[in-house]
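Handing you a structure now.
Order of writing sets the labels: A, B and C. Residues in every chain begin at 1.
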Amino acid sequence: MRSRRVATWLAVSTTVVVTAGACGGSGDGAGGSGSDRSDATISIYVTEPENPLVPGNSTEAGGGRVLEALFTGLVEYDPRTGEPRNAVAESIETTDSKIYTITLNDGWTFHDGTPVTAKSFADAWNYTAYSPNGQQSASFFTQIQGFDQVNTQDPDGSDGPQQAPQPAAKEMSGLKVIDDRTLEVTLAEPFSVFPTQLGYSAFAPLPEAFFADQAAFEANPIGNGPFRFVSRQPSVNILVERYENYAGAVKPSVRAVEMRVYASSEAAYQDVVAGNLDFMEVIPPSALAGRLFETDLPGRSASETYLGIQTVSFPVYDPRFQNPDLRKAISMAIDREAVNQQIFDGLKPPADGYVAPGVPGRVPNQCGELCTHQPERAKQMFDATGFQGPIELTSNVDAGNQEWMQAVCTTISNALARECNFVPVPAFGEFRTAINAHEMTAIYRSGWVADYPSIENFLNPQYRTGGSSNDGLYSNPAVDATLAQADAAPSVEQGNALYQEAERMALADMPAIPVYFQSVQSGWSERLDNVIVDPFRRLDLFSVTVS
Amino acid sequence: MTDPQALGVAGPAAEVSHPTEGARRGGPDRPRSLASDAWHDLRRRPLFLVSMTLIVVLLVLAAFPGLFTSADPNAGLLARSRQPPSAQAWFGYDLLGRDVYARTVYGTRVSIIVGLLATTFTVLIGATMGILAGFYGGWVDGMLSRVADVFFGLPFVLGAIVVLSTFRESVGGAAGITTLVVLTMSALSWPVAMRIMRSAAIAARQQDYVRAARGLGASPFRVIWRHMLPNCLAPVLVYATIALGAFIGAEATLSFLGIGLRDPVVSWGVMISEARDYIRVSPYLLAFPAAFLAVTVLAFVMLGDAVREAFDPKGR
Amino acid sequence: MGRYVLRRMLQLVPVFIGATFLIYVLVWALPGDPFAAKCGDRPCPDAYITAMRERFNLDDSVFVQYGKYLLGLLQGDFGETFSGIQVSELIANAYPVTLKLALVALVIEAVIGLTAGVVTGLRPGGYLDNLVLVSTLFLIAIPVFVTGFVLQVTLGLRWGIIDPTVSAQADFSELIVPGFVLGSLSMAYVTRLARTSISENRRSDYVRTAVAKGLRPRRVVGVHLLRNSAIPVITFLGVDLGALMGGAIVTEGIFNIRGIGGLVYRSILTKEGATVTGVVVLLVIVYLLMNLLVDVLYAVLDPRIRYD
């Protein structure tokens, strides 16, 4: 019954769109002639969104895929290189990396027809930053001047009885709407990477409809992106279709996208092999073993690294792990190449630094010898530290991870002649709770996928004192000073050189051990052509065509 | 269907006359109990002898694994990862380069303990509740059945995660965790045994011999223990022998979730859960522990069959 | 009998309350904070955690939380998930699918199991008996995920007889292979229970009388023997329907069946108390009704059984 209703909806809307297209000529402003625009619907695999579909409140992958199709920010990222380029913004100008003047392009509209103005951005950002609204992405606005007036901290954390005081203001003083097309942003400190950040979903604009009725918006999100929301069936799928008045330079060539939710990734994989599902961004481990996916999907699979790294971190607040020699010894005890070959069939390259390949600003081999397999030197160093007891590694196991962590444990115990145990934690929630509370007693898995392509995003959150993801409470004033200098650098290139220096300094302390660079193996059906998987693991919906 | 004990005379009242009846008496005019009758019967059945042999072999494997292999089941070497069976390693090597044969042998102890103990507790708890519910009926039956219904509804995963996560720290050690796993599985599975026993007890309660026993003034305990139990045992025994294998498999689920037995404890369940992603490339990782599991279940099923037939008063 | 049924229906109420409370407390006792993991690999802002906890009453004591939940439940409000979806919608979508799958599995296991059990029970120790015993062992030893995977790949991908996954509507025809996979372990139980029961009873008086009377074997078995041997099998089938409904996680995952098994499993891992309790409460009611039906069936099958 439900699907018949959906099918009817789809048929009606298809008719409307096709008729309108036929009658109304090209009907859009900026250039895009889209020579391969087809009528096809493609299906891609997503996980069920865990949060309401609001850009400022949805940081996980499932909801992220949907929102990325529905919204376009001031800046977007090139699907091949990850370099930022202007989208809604016509220009972003600054003289001192502190005050930015953002001029918007003309002609951008939301899916309900209302125009995208500077106020749309300012209102959205103020709403997300305002702490009583409880939005997940609030911390992305810390750099804007006046943030501390709209976002107050709970003095004893969310567990304690005390509550955060009411913020003094509802709008950040650093955000000024000059006119409909101009927004002026003043940062608290100079930060050269700010324009790159603007492509992240937290910085998306919101229409008036959001502020009028948020519940209705969550059921039916209205964005300004290349696709508009059609319908959603929980645990089944989310349908979006091409927005004909999209003002971007390029329009998607497919007419609609069905984002299908599967009960397991193995079932989704079987559907890709059979041709019932068009695209799957992460092939499950059972098909990665022995590189089976390459024989199951000849010519329609890809394996590439993306903006992610997998590390194991030390709880530096625990006195047992405070000796940097111990940490370096364990790093040299790990045989990363063997783990890559035997567990991953060579699909996940060993990490040689804290920054993933392909990220603007990265240089290879920052870690040097400390990230290679040196069993004799490791054992010498380890014995000299006098560490007692077995070495324990821990991770959540509801998303895999058990096998490679056990393999890492095996190489460590073989090199150091000390027992190494892997302690599994059943659920990610339990795992993160203990990490957030700084109560870890074992070395824990700590992956990182960048929010935007910049070396800065791999360093500031994790290795700066008080960084939002510095769960191990690592603190090195020299690293902090270098990072601050890099943030304030006059140009991106000079900033990158300083970030690279900070990376080397942190690696010399080894608060976290880089293990491997995350890579994604994607597969698609025979229908798709021109498949590009961008550095965020997404299928590039603008260039893909259906044969 | 008459019960020898109720009439106080050896041998059944009428129907089938056993050819060796006379020779079965322990001595002149001394009736043999059902148990010793059964034992004499069992000793001669090939089914029983074969199954006992298998079980003894398994128990030796469990008690003295070192006799069967000199390799360390936990010594991994990534260079040997997933090498197929060969002369050095009869069952090959697993993902971390550990000897699969050694792991299977050492895993026997834990798997058999888990399977046996979990089945025993489940049957003990379930059968007791079931026979009491079936015998007394009325509000006792109502209360016990409703409690069982609530436990039925409890998702196994939920109960397992809560119990094992909460008490994991306080017990520690391989023996403690194994006990915890056994108790958790029993606590979540007894309703099935209860209902099977209850259904048999309800049917048996209405039989003439039970009424006769009660009429003669036998206490409830005597009625239950001597009259109803031997007649109700069959379906529960069938359930128990198969449940043994199912519990070893359920232990694999717990390992898969990360709350069951963990390194360095090895069991067939752990091996089966680890083989899950590799059945297409290295099927032997799954085949060997599964084969051992099948043989164990076979042994207990045969044993169960033999015991049931020997104890079955209707089979004379 | 009528009074008995009425009494049983009245017992629904305390069980309902007991079950909801027990499940709610168990989910509450799960370790970890559900909102700690919502932000990927970084901790969530305190403001977000505070706001969500307040919205879902997680700051109250477990008794107050349960009270509020129960009040809502009695008004028909099953609550909502952390992502804002109505739990009632999730349940309404998932339950019919699971029910269909469970029924298909039950029918398959009953038909195959009973047939095999009856045939081998009548002729124990024969060639067929041993063959069935070996097949039973296979079914027990091979994990469900292997059976499911092998059937999916062979029938779905290699031979193309079925679709490798089940669509969202989940028609009965699509559920035959998943039903077989789901019922494979229980088939072993049913076969052996039936076999035991039949082989026990085939030597009893009434069977001998019926044969002596000259009745055809089919009638002896079909009318007299089967009816008396059915009780343990019916018990197990009744129990199994409940288990099938609640525990089909692996099968649902393999064939992409959007049923309550996967729903409950995911909700347990993300600590969604409203979803778990809502689903399980309905399950318990199904068990209650199922067990009542089975108990009534005993009385129908065996006239000597009385409840009053």
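As a working rule, a contact is a pair of C-beta atoms (placed from the backbone, for glycine too) under 8 Å apart; a residue touches a chain by one contact, two chains touch by 3 or more.
Keep in mind it's a predicted model, so treat the numbers as computed, not measured.
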Could you tell me which chain lies farthest from subunit B when each chain's centre is the average position of its Cα atoms?
A
Which chain has its C-alpha centre closest to the mean of all protein C-alpha atoms shown?
C
Of A-C and A-B, the pair joined by more C-beta contact pairs is A-C
If you average the Cα atoms of subunit B and of subunit C to get two centres, how far apart are those centres in Å?
22
Between subunit A and subunit C, the Cα-mean centres are separated in Å by 39
List the centre-to-centre spacing of subunit A and subunit B in whole Å, with centres computed as mean CA coordinates.
50
Among all residues of subunit C, those touching at least two other chains are 30-31, 149
Give me the residues of subunit A that touch two or more other chains.
398, 426-427, 430
Where subunit B touches two or more other chains, by residue
161, 165, 276, 279
Along subunit C, where are the residues that touch subunit A in the complex?
30-34, 36-53, 82-85, 89-90, 93-94, 149, 152-153, 156-157, 163-165, 168-169, 252-258, 262-263, 266, 269-271
Residues on subunit C engaged by subunit B in the complex (per definition of touch):
7-8, 11, 14-15, 18-19, 22-23, 26-27, 29-31, 133, 136-138, 140-143, 145-146, 149, 185, 188-189, 192-193, 196-197, 200-201, 203-205, 231-232, 234-236, 238-239, 242-243, 246-247, 249, 264-265, 268, 276, 280-281, 283-284, 287-288, 291, 294, 298, 302, 304-307
Give the list of subunit A residues in touch with subunit B in this complex.
284-286, 289-290, 292, 335, 338-339, 342-343, 396-398, 402-403, 406-407, 410-411, 414, 421-427, 430
For the complex, give me every residue of subunit A touching subunit C.
2-3, 48-52, 57, 59-61, 63, 131-136, 138-139, 151, 153-154, 157-158, 163-164, 218, 233-237, 262-264, 266-268, 270-271, 273-274, 276, 398, 426-436, 446-449, 461, 468-469, 471
Under the stated contact criterion, what part of subunit B meets subunit A in this complex?
76-79, 81-82, 95-97, 161, 165, 257-259, 262-264, 274, 276-282
